[in-house]
């Protein structure tokens, strides 16, 4: 960490400051310039409060040098994390998976039918929402407990591991047979939820918030990991921008950036990012080309009658074409980005 | 709601569509244009899923006409909501209050000292954080239960009603003696928490999310109100923009816009918005001038040693000057904006 | 265009309004709802000023139905535009080109050397900046006239058509031997410049502004086309977001969206978007996979000593690898997006 | 400037680097840490290219310490700049002015009528657009030469100094009798135009770009000042955010921030920021309370028939009320922010 002191700092103030820093276990290195004095703080600065430093009269500015995340950081674990599910499915480290299914679980027929269709088309995990975060209290909120029960039935019928979203830590007992627990974009900084998920042993698919930076995403992963659960999947699902033709803007540069910064697997969700079924295929191909470890795609048997987000859902047939194109393009992708980015 | 159908929609498709809409209890009005057919849907469209409509082959676009919030809407309640606290303090409808206190509760001495100082300076409510949402799991997270106990002691010592933040619905039993429960920016769309708060009878101070629109803020207020609790205070605390000199950008146009759209009281927090004590006073004056119903100001007895957000905290003396200036400017403010905006 | 009138509009006001619209050559269709009256305006509304309509007492809101761009609109020209350069090089409609070269032209040796290297590696156009828009007046501003002369020499030496940026219409006479004139992101809405370029017969590479929507980009293309020059190339080069690890955020969904909305060719510049040489390759592959018509890549013989933007420049060897990977992936890309998106 | 070198930098590489910096006239101070080596560069770094440094293999990151603007910087000129117009009107340094007039000049009657009305109501400068930057090439573009002639007539009729926008340097000869030349938001980084205006002796009202930071605004002011013209007025007119109820988001914290960073006068334009006449008054009061040096307000005799931006124009009567309220509130504003912020 680098602290810039104001030009008029007296030698006494400077000595007091460096003494304070030493007491915090840090090693201060001082450079006196014309307009400023620069103090480099060497040591573990992750507990230091930048705001507190900035409040000091003699401090002009404070800049971090090291990333504030540790367990998620590739500096501290060079090899890719590979998440292994109960049925042996692996994600990350060269293992690419396609998660597919409807936005909402609507009925037994619907979820089992879609599960069979996406499995046939090449999906290796099944998604489906039982708890739905909706902007309006008057919109369909999901089937809750019954939805999860139906999803488990679809898992039993097809053998596909299942992914579904949690909205509150009190619901955790319902997720016993769920293979991957999803944290939605709006809960990316619900720190109480993250801490609790950190005390489980379930893989967590953590979605990037609507206006959050990649560093913030990694700090949220760090909340889970610091509490003991290191099985985190990072998910890029679009960020809010001024563009209006797409619901969000899919930030595909997140893939090589996260690859460089972290060892965790990276999943891309082009369906929620674009909100438009016609854009899902090109964005899925682009995400694959950029080196993603997996895709998450909404598929519905009857998009116009979906209870949620029909506009962005592919039909099973459209999904099958997409999987074929994704499989064809993957050998030509930047899948070695990790090792190169590391160098 | 207005639905634009594609130019090549056949008369049969159109009839099928209007029949579907009638079955949903809506009254469709059709206008056939050169390039499009326009269907105006009259009736209660708040349960209608826009995504589902957009997924239909014949639909080109869907546009809402009415605001999707109801209980928070000034159309349905013309007079300002006035929140009355247990000690008789009123907020809204011409009643202006100043909430002040430290970012974090740190010790008995600290919170009681600050409480006495801010009361003397003119504050009418006391704030202090016991549960702190921090980006890093390694940063100080607050004193939790003990913090709330200390805050209640400060309430008893000064008679000031207290405001503090909740981070999870499971903590609700700890908030029995809290007068106003705050929902932080990162939890503005934690819908499970909002629903639960809607089943309490405590006033809720709802902060706008970092990248949320005012409509989304009002929809979150609607979650609380639709569950039975209509005592919601809206709080503008800055939004994320590209500007880097301030932590966030305080959106003061939120005041007259919310005044026009809603009857709920509007509080402004210039401390978190700017993140810089030197900017709090001009922004507090500006918020008052624009017609806010109250301010929320961070005050700390010793900002450079605050455990959190020292850089944005005023000293008790600086706060006293601010209150004096705010009281002086208020008679010249746009406090009648509500009634005018309504017209 | 759809105009929502307030619920309390009188029949006389409504008649006056529809008469006014008829006088403007439009055909108004009226739907009277419970809370609003909806007037659909059929005809050419592109000259209508939305602000003027909104200022009327009886108007609640105005919404466009049709895109405000015409000549750039795929509705009015179904087949892809193909730009043919003087040497026969084609861009668009299935013709994919790679533009490469240094950020700034620095010397005769440098530009000719880089030109030969990128040609050898597979580039089909040469780029190089002579007029450089720099945030600081104290930064290197380019070699101006001399720079263009050197670029023309490199064209003569290699046969590569050349692309370079214009910053003011008064410089146009210097661009006689330039094959494609670039308009930079900061000048995307320099309408005087666009109008002038519309009166030339040079292909224009129009870069999207830092915070502009795709509709605004197409409206700027429309400025050029409406003045007579229909040879416009659209260039996605990253938009400003809150992310800090990348300079800008490359919006690759722009490719299928622009493909759907317009017939103009689409070029992607991953170098300026990311500002980081290590991210250029994955983003170039992703752009190709998503169906771009071409790439624009910064290449410098000696990036650490480049006078401008060295951090994002590839070496000739890195560029050669990139071209190989791009050529390998292109057969598996979404290059038929145009025709599908049209349907 | 601070340069972070990678941990594996060899002593030879370090010596080579410091030698290079010395040759550029800078004085390098080295601090060797555990994970990084920090080099503080003392001296004039404004010509140094950060991108070039970042491209070096041994460099991990580069951070500026000093603001890159000089002539606009309060560090180098402590007292406020006061702009004095030909008729003696002063702006800045405690002198507050109200600029008012229509968005577009439409006819002799209109501009002279509005000029007389706004003068009577308390305006001290007259604004009116002759060259209008419009997103659409099909929208009204202004009366150009004739518009400026009519504005000069209104100046002669009322004695009010006049402000109008320039869109291209070639139009400069038309601005001989214009008192203040405005640079619009879309041209804030039209550096060729800025350089030319720097060679005139006219006061320049420089509007902040739609998505530009305050530092970028000051760097654009620096372009004008570095070319010889130090009479620049900074204008906050709203930035683009995700909020849709207002056209832009007026960033009033720009006032105290610019006050601290620069000595130039600060004007606020609430009309373009909000795009809504009903929001202009509260935002004008707020801007005054926060310490602005002046306001720019759109006034039109007949807003519903304005050729441009009628929705945001006040009537002369509405403007008169606004001026009264602004004059009443100003004694209670943060007008001494400058001197305090300096400390």
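For the reader, a short list of remarks on this structure follows.
Going by the order they are written in, the chains are A, B, C and D; count residues from 1 in each one.
What we mean here is this: contacts are C-beta pairs under 8 Å (C-beta built on N, C-alpha and C of every residue); 3 or more make two chains touch, one makes a residue touch a chain.
Predicted model, so just to flag it, every value in this text is computed and none were measured.
Counting only chains that touch, the fewest steps needed to get from chain A to chain C is 1. With centres defined by CA atoms alone, the chain at the far end from chain B is C. Remark: chain A and chain B have CA centroids separated by 27 Å (rounded to whole angstrom).
Chain B and chain D have Cα centroids separated by 31 Å. Chain A and chain D have centres, each the mean of its CA atoms, that are 39 Å apart. Multi-chain contact residues of chain B (touching two or more other chains): 211, 240, 242.
The touching residues of chain C, when paired with chain A in their complex, are 211-215, 239, 241-246, 249-257, 260-261, 273-274, 278-279, 281-283, 285-291, 325, 328-329, 332-334, 337, 340-341. Of all the residues in chain A, the ones that touch chain B in their complex are 46-47, 49, 51-52, 54-57, 68, 133-140, 167-170, 186-187, 189-193, 195, 210-211, 216, 219, 222-223, 226-227, 240, 275, 277, 303-313. Considering their complex, residues 2, 4, 29-36, 38, 40, 42-43, 61, 63, 65-66, 211, 240, 242 of chain D touch chain A.
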